[in-house]
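Below you'll find the structures, each written out as structure tokens.
Across the two complexes that follow, chain A remains constant while its partner is chain B and subsequently chain C.
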Partner chain A sequence: MEKRCWITDQPLDIQIITEKVIRREAGAINTFIGTVREFTNGRKTLFLQYESYKEMAEKKLEQIATEIDQHWPEAVTVIAHRVGRLEISDIAVMIAVSTPHRSDSYEASRYAIERIKEIVPIWKKEHWEDGEEWIGDQKQTRPGIPLKGEIK
Partner chain B sequence: MEKRCWITDQPLDIQIITEKVIRREAGAINTFIGTVREFTNGRKTLFLQYESYKEMAEKKLEQIATEIDQHWPEAVTVIAHRVGRLEISDIAVMIAVSTPHRSDSYEASRYAIERIKEIVPIWKKEHWEDGEEWIGDQKQTRPGIPLKGEIK
Partner chain C sequence: MITLLFFAGLKEAIGDDQIKMPAVGMTLGEVKEKVWAEYSIEQVKSCMVAVNEEFAPEETTIQEGDTIAFIPPVSGG
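Presenting the complex of A and B:
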């Protein structure tokens, strides 16, 4: 069976990833795409480097997809995370969720990205204009993990 | 200047629409894709037909994008709606929003789809297995329009 969650050092393809969740039962698809931003708090990023413990990271992504199955039984979820050197505007992570109705697609997608930041062992090295820094913890903001029904 | 909101009778291209909002300042892109679902409350849809008062519909989509500019000044928004005959799984509407941080991308995207259902003059004819029906009002569910900060 084709994986629904994976880590890759290749560019993430928006079209291919989204098409994986299109199906006759769904009326809604929400995608989240995380890209490399040039400026963070006024500091300029030149490029990023992501590293992961691949097997464990894929296992954790799969765990998140399973949590979504439990909370949103009608959802179909795909999650891909890129590692290696990423330039400005490159896609680091992509989530696609399809559901019969739109509310669930937004909620499940949001849940996925918050959980990725929380539990997936992927480390980011910021190559700033004025230095380098390993960001072991991906959480920039942690507004809490929204569960089904909590996003209105 | 290229339009950021449009009505078309041609298939909507996920890749092209998403790429319109990718930019160096953004770290987050949220897309919402509305597709034709086969079953609604147990009733089978064969195909759908969308009709619009095109000029007014594009004006209303542009109004929604402007509302997003006001509520989320750092967002870049693209909205496209297809009209004509759509088969099961075809894309009827697509919204793409990029922002520096992820919360805003989810909130603005959600705002856009709720407002589309609310104010854009597009009519849907359901061709059910057992009959036809014009759905003048696109609202299936109206949980309220989330404004900035209301989705946590």
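Presenting the complex of A and C:
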């Protein structure tokens, strides 16, 4: 079976990712596209540098897709994250979820992006006009291993 | 020997993306202490740690050939 979760240093293509989840059983496809924002709290970003622990990051993305399988058994999920240097408005992450009914596709897609920000070893470095800084989401108090029952 | 991997800000602070050290039989928590003692980098303490690409608790005992990754707070998405 083709990989449904991956890390790449190449640009992400919404068409290719959407085609991977489209199917006759689906009545909804929700796509989430995360892009590079120029201003954060008034501070201007010039570009971002993303880095990953690729092997583990792909495993953790796959774990998220499996969590979605468990909670939304009829969902089909694809997640791709780009690394390397990204310019303003470049696409950093793309999630596509197809489900028979729309509400599940919204929920599962939202679940995926929130979990990415918790457990997937990917880091971004902001290059500002006046400096640079590795960003941490300050969620390190969570052990990263979902507890039983934690998956809603 | 085991391999330690460092990423993002921690990699820059340590100045290398990996080091090898003898640690078989130690716990993960002890390895973390040792790295902290050697480099005095505060960020070591706030890192999660993974053994062979899976998050692991600090009581985990290190085996020969293990790869231990220090995972600073993540910021993907």
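For the reader, a short list of remarks on this structure follows.
Definition applied: the second predicted complex is superposed on the first by the 135 of 152 C-alpha atoms of A that agree within 3 Å, B and C clash if a C-alpha of one lies under 4 Å from a C-alpha of the other, contacts with A are read in each partner's own complex, and residues count from 1 in each chain.
The definition used in the following text is that a contact is a pair of C-beta atoms (placed from the backbone, for glycine too) under 8 Å apart; a residue touches a chain by one contact, two chains touch by 3 or more.
Predicted, not measured: the structure shown is a model, and the values here were computed from it.
Contact with both chain B and chain C is seen for A:34 once the two complexes are overlaid on the shared chain.
Of the two partner chains placed by superposition, only chain B is touched by A:88; chain C is not. In the superposition on chain A, A:105 makes contact with chain B only, while chain C stays out of contact range. Applying the stated contact rule after C-alpha superposition, one finds that A:46 touches neither chain B nor chain C. When the two complexes are superposed, the chain touching more residues of chain A, out of chain B and chain C, is B.
Looking at the shared chain after the overlay, A:113 reaches both chain B and chain C.
Residue overlap on chain A between its contacts with chain B in one complex and with chain C in the other: 34, 113, 140, 143-144. The part of chain C that touches chain A in the complex is made up of residues 5, 7-9, 12, 46-48, 50, 53-55, 57, 69, 71-77. Taken in their complex, chain B has these residues touching chain A: 14-15, 18-19, 22-39, 88-89, 98, 100-103, 105-106, 109-110, 113, 140-141, 143-144, 146, 150-152. Note for the complex: chain A touches chain C at residues 34, 50-53, 55-57, 59, 81, 92-93, 113, 116-125, 134-140, 143-145.
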